[in-house]
Amino acid sequence: MPKQKSKGGSGIDPTIETLGTPKIKSPLPFLFIRDTSGVLIDITADCTNQACSIDPAFFQEAGPRERIYFDPPKTKCAIVTSGGLCPGINDVIRAIVMEAHHRYGVHTTLGIRYGLEGFIPSYGHEVMELTPETVSAIHEFGGTILGSSRGPQSPVEIVDTLERMNISVLFLIGGDGTMRAALKIHDEIKQRGLKISVIGIPKTIDNDIPFITRSFGFDTAVDKATEAIRSAHTEALGACNGVGMVKLMGREAGFIAAQAAMALKDVNFVLVPEVKIDLEGPLGLLAALEQRLLRRKHAVIVVAEGAGQDLVASEGTDASGNPILGDISQLLIREIKRHFKERSIPLTLKFIDPSYIIRSVPANSNDRVYCGFLGMNAVHAAMAGKTGMVVSKMHEVYVHIPLNLVTEGKKRLDPRSNHWQAVLESTGQPMSMRNDEKQHGRIERKASSTADPPA
Amino acid sequence: MPKQKSKGGSGIDPTIETLGTPKIKSPLPFLFIRDTSGVLIDITADCTNQACSIDPAFFQEAGPRERIYFDPPKTKCAIVTSGGLCPGINDVIRAIVMEAHHRYGVHTTLGIRYGLEGFIPSYGHEVMELTPETVSAIHEFGGTILGSSRGPQSPVEIVDTLERMNISVLFLIGGDGTMRAALKIHDEIKQRGLKISVIGIPKTIDNDIPFITRSFGFDTAVDKATEAIRSAHTEALGACNGVGMVKLMGREAGFIAAQAAMALKDVNFVLVPEVKIDLEGPLGLLAALEQRLLRRKHAVIVVAEGAGQDLVASEGTDASGNPILGDISQLLIREIKRHFKERSIPLTLKFIDPSYIIRSVPANSNDRVYCGFLGMNAVHAAMAGKTGMVVSKMHEVYVHIPLNLVTEGKKRLDPRSNHWQAVLESTGQPMSMRNDEKQHGRIERKASSTADPPA
Amino acid sequence: MPKQKSKGGSGIDPTIETLGTPKIKSPLPFLFIRDTSGVLIDITADCTNQACSIDPAFFQEAGPRERIYFDPPKTKCAIVTSGGLCPGINDVIRAIVMEAHHRYGVHTTLGIRYGLEGFIPSYGHEVMELTPETVSAIHEFGGTILGSSRGPQSPVEIVDTLERMNISVLFLIGGDGTMRAALKIHDEIKQRGLKISVIGIPKTIDNDIPFITRSFGFDTAVDKATEAIRSAHTEALGACNGVGMVKLMGREAGFIAAQAAMALKDVNFVLVPEVKIDLEGPLGLLAALEQRLLRRKHAVIVVAEGAGQDLVASEGTDASGNPILGDISQLLIREIKRHFKERSIPLTLKFIDPSYIIRSVPANSNDRVYCGFLGMNAVHAAMAGKTGMVVSKMHEVYVHIPLNLVTEGKKRLDPRSNHWQAVLESTGQPMSMRNDEKQHGRIERKASSTADPPA
Amino acid sequence: MPKQKSKGGSGIDPTIETLGTPKIKSPLPFLFIRDTSGVLIDITADCTNQACSIDPAFFQEAGPRERIYFDPPKTKCAIVTSGGLCPGINDVIRAIVMEAHHRYGVHTTLGIRYGLEGFIPSYGHEVMELTPETVSAIHEFGGTILGSSRGPQSPVEIVDTLERMNISVLFLIGGDGTMRAALKIHDEIKQRGLKISVIGIPKTIDNDIPFITRSFGFDTAVDKATEAIRSAHTEALGACNGVGMVKLMGREAGFIAAQAAMALKDVNFVLVPEVKIDLEGPLGLLAALEQRLLRRKHAVIVVAEGAGQDLVASEGTDASGNPILGDISQLLIREIKRHFKERSIPLTLKFIDPSYIIRSVPANSNDRVYCGFLGMNAVHAAMAGKTGMVVSKMHEVYVHIPLNLVTEGKKRLDPRSNHWQAVLESTGQPMSMRNDEKQHGRIERKASSTADPPA
């Protein structure tokens, strides 16, 4: 089944940049992955009329290469972590250090402190030498041993520092702001003609990176989030007309809220940024909640922090340039209390915000294996001289994705996807809580099997 | 990109049997999946010479259908669980009952007690009515509320009981023995011309079902197994020349051992059924262990129960007809103690067998979501009149697989796969512990991205 | 060593009221406790000049009695739970039901729904029959299966209901408001000359009940609280000048905050109601925090909800008549941010309020054993015809305490006690954060071994 | 209430030896405990005829003293850990190092590796410098960072090493063998006229140290043991006539088995060393189990490793001189299978031995606070020049106990105590499973409130 290599039907160019031809024999005794090994992006196929239509767009498979570009004893690596905490960061750091040291024989890996600030001399943050000894137990702790910070720093100053420190490979673990910074650093490096590999490991607890089925730390976050939901359920049961409300992460994508509701089936309403709701009116949330309490005497509401932004006023931007969200949970608390007070219906509402507890726990086994592979594959890619790319997992396989593709747009929960439909199915929440919305027609559900491209 | 629908390059026939044309409008308000929606089995592509070669073999995507076959109020379902415990069984039971009752309006779902025995009148086991109330909290408990048993029962007697009880749909949750029984029951039903749907939900803590990336409960099992490994590591560190040995499940496939070793990187040796080892000799395990202790004073060994069966004598078969494995862990303990005693090297060896603790815990969030989808999709398939199939997850998508395909052979850990190579990479264990084995040549590593067919 | 039985040196009267002489032979096959068995309240002794001075005040030891007052088959029990959630309530309920049913042969135990409201016909709450089957698994869940409510109800109406329902024994699980209600119900019963035993099981997650070393659920709460502190520490380490602040329960007593800080030694400042602090000034919290950040770049603050009430305005009272506390944590956040902004010192502050997560978890093993004994001993006391008392644990022994003693005042954390001194010792926090306070002189530390009487 | 200081009615001499008069002003800013502060050993009182009889025997209360003996900057401490693992050892080590360094200003604390072996030059184990940095996170890990070993070593050689290393204080964390070694070391030191303080911190997961209500790590062990019991229960429910058997620690005392059975009430039979049973006969275990299965179809058995030693042959002694116990669990498995096979009753028996998992976990919050106090108080005692003693907790207060008292005999579970009676009460197990034993008469239950002296 021949096809054009460079672009699939989706117009996606999977080409990974390299610093030069890798000529050194890999010191690894293992089997190798060829650069020609690809992984399909859309794995579903519409099979009508005795034939299937397949989109051949793919990404390069990650893994160790037979020939490497950098000579390990002369290679110096640096790792920086940036943005908010997420389970598994220390696992990725550990895996990079262990792989570079034990498998390739790289002698020096430096840890840049407190995010991109650590590159800027005026902050005065010292670097940290990362050895197998210093990182051996860090995976047992949440957070990042390097510290983090928010906001951009000058790519020029960053590359100055990389040159001064003689860095060959820079690993950046961070969110979309960090990946955009990585792209700028990469461009600056190219402009200067330097041989420095820039490898990103995308981090987002919200799971909103395009092409990536499930970002690292997401599974741990969902697992921990269910604890808060269980508490909210227990509190709701503890009073007549008890309502437990849990606010979860999800600035623009409701994946954690949706997944956690699927994992602990005591949730009755899930509010996510992608699905607008009305509060008032016959089909609005308040009426639906009232009916639920009338029937069952308790209810659990899970609200993503970015839900209902049309109902609250936004409040400027933070250091990273992300908009500061309006506080939907406080609005809901106020409106629910008002609604039931006006109707003289007794109500006990308990509100839980477990965000910092969730994002700061150590990774669970699933994420730990995941982060181990991310770190190993990041080192494999870097040593082979690849650059301007990220390492990630797609459909349970590790792939190389060009940096520019992951910085364009964000993944969103599709209300027509299997996943959201299953949330509705398992919560029993109405298909829509909009008064003016026509009922969904009987159209085909969107296959959930695509590694979702940016919306 | 047109192709033959019926068979891919692998010669796999994804056709799902049906009891008849589904004519009833589904009561679900949700979006639907078409029968023509397929999911590729092999999602990797070899992209040489500007073109990719793709294997178009696929399975049908699972999900709710617009037209159903059974009229819900007249439909009676039955669920049976068989074989050993595995995290998540109760979650599947709960999801089936909830979906059938709340979404489709099925009034009766019966629980068959103690596995296939429950169908056989002479055992005298009573059936259990499963309602939303009786199952609402069962996911908080491990095991199966229905009880289980091992070994085959007469398909004729089973179908007699199904007829007598007026069952329309039979859900079987069990291992490969149970899936073979399901196939026989399905054949008996067809022969009698009955309209009873037989839907399997394959259960194996060993993760050795063909085509299924990760079987339900596997993730929970790995997570729990890491606790035992952590203990073994702590014990090993607690003595000079301390050795911690953990025996894990894995009769013929070493997936749990391999994955757990990836999840908790304190493991130094992983022994699995798929990779033969020598004990004695310069490259054997005992010499490798001795060198490790000399260097680091402690070591952790993880051994799958089915490893090294060439070194021990097997001991007949159990009630399910599975061979009773020789006890490799006892052999190892004996041989290690002897080896070090002969050399007058002090040694402290602690052995942990956490199998029953691992398999009896409740499912974690990840498996809970998974089991929820399995249950929901099993009901969708059954109500649509499909039969002789299993519901499972492949590459993160839920699919229908014909029963006969999952009963042919078992999935094995491929020593040439990324996964095993990564185990070697992270443990530092020798590529081979065979004295006579030639070193692996520099051949291509096998892509891990295929939903492995039976070996 | 003869002494007055009725009163010790502390003037405490341990006499327990009874409904009459117990004449029925206990159906229990076990050994029995005599009414004359006492447990000393103050177990420390000042041993100067070759002699010790011992305070002989004691409480009656709890346990099964050889003769009982109520005839089990004719006895009807009722259980009510009131006030906020606390780990272990379901364990106490379960133990009462199991003990009454299996050991004594009581046929009926009723659960009153939603606290004292459940006795008042106008609320329309139905009672719940509590059998061994309905309660067998409830200890695996947090909260209370009976539901709860706040606020007083008419003792006259309550006793009307007790009479109408033919209740012989009323078990009340609740806080100090509930114990005061129990006393009023007990008085009303006496006035009517009824033979109804009133037994309290004091519940307070704040651990502020006089005479009770550690109230049930406290240990679980502390254990869960350490999770939030660990998260705060991880967040604090994740930024340069990171501050993690955790708000814990403790309206008037700082026991949870103090104990949790002892359990997870990453805490640098513990603020409790019993110890006043200044924010400003050279010895105030803000200056101390600034010095800590200068030195170590991160800090963890634990603040009991009732700390610093002199710094914030109170806000009326709640349904139970408890004052609504001013929000000290919001004040601290505001003032800390202002302080560091004024000095242009970068600061990242993360705030965690885990209260509802903490109080709604199931009891841990320690509390589970404790609650089991409370329930068993409550039934023993009731069946023996005792009334107007609570069952509790003092110095690891179970005792009977007259209701009137536990409703007088509350236990407080003594800043001169070993416990608080050890908190200072382990956190490194200054002895005092008051500018005008003279340094503590070298006076004797107060022995912590007294079962603290009300302050 | 005057009395003889030196000895109570029990003839217990609480006198603590000292190296000399403490003359140095303590650097601690805290309040102090006087040497005259005592804690009563027996806190129960028999109050007949208007008077109570109190046993005035006491131990000295632990805590910081106003005057210390050692000059901190000149003081060198050493810590050794010996015997089997137990949760909390690292917490004790950490607390000693932190207290000595931060509170007293001791510059050097050495860690002796691999138990008493570490003192003997011929083993070649190097010592480890223990600083606040090296110990800051060790409490997050189980086991002991120092390693351990079993068996005695020459007190002469040990004291030679202490002299050569210039040690002022030796802290020994270990079991009764280690406490006996401590006594011998203490005697050797005295004989040489050295000024070296010997302070023991008794460790026993079996909770069998005389006078100590609950040894450190016990609570964590019980909590972890309940997990195994829950698994056994799940396995038992998973088959018709399913039996789950759990073997727990308890060589000569059944405290863990008894407490765990109280904590997870699914246990039906608890076998402990202190209570003999018959297997055969109408009142034996096999008949009782058969009846249980007939009635309920599943059963859970918890067996302490030292139970039923009259039924199995012992097998010599281990390196520490402890007898190697006969394997009661294997005997039970064999006999139970035989019994049911002979009667053609189907049976599924699952056996779990979680010992190494239990003893190697990190301490829970309760034990963590406990171990923190043990470490702090050990340092307080040592710095004050006390020696030949152990620090421990009795009735929730920390006390000093002369070494010779804790090395005499072991604490046993008293079958007539409240605790064992409550085990019978909650399991429903027969009062006796001995065929020839007369039923217990109606005698008084023994108060559980005494800090049990050695049996």
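So that you can tell them apart, the chains are marked A, B, C and D in the order they are listed, and the count of residues begins at 1 in each.
The definition used in the following text is that a contact is a pair of C-beta atoms (placed from the backbone, for glycine too) under 8 Å apart; a residue touches a chain by one contact, two chains touch by 3 or more.
Remember, predicted model here, so these are calculated numbers, not experimental data.
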Q. Which chain lies the greatest distance away from chain A when centres are computed from Cα atoms alone?
A. D
Q) For the chain pairs C-D and A-C, which is connected through the larger number of C-beta pairs in contact? A) C-D
Q) In angstrom, rounded to a whole number, how far apart do the mean CA points of chain B and chain C lie? A) 47
Q. Where the centres are mean C-alpha positions, what is the separation of chain A from chain C, in Å?
A. 42
**Q.** For chain C paired with chain D, centre-to-centre distance based on mean C-alpha positions, whole Å
**A.** 28
Q: For chain B, write out the residues touching at least two other chains, lowest number first.
A: 141
Q: State the interface residues of chain A toward chain C in the complex, per the touch definition above.
A: 85, 113-114, 117, 123, 125, 141-145, 147-149, 227-228, 230-232, 234-235, 237-240, 242, 244, 350-354, 356-357, 360-361
Q) Which residues of chain D touch chain C in their complex? A) 1-6, 28-34, 36-40, 43-54, 56, 58, 61, 63-64, 66, 94, 98-99, 102-103, 139, 213-214, 219, 222-223, 226, 259-260, 262-265, 364-366, 368-369, 372-373, 376, 395-398, 416, 418, 421-422, 424-426, 428, 431, 439-440, 442-449
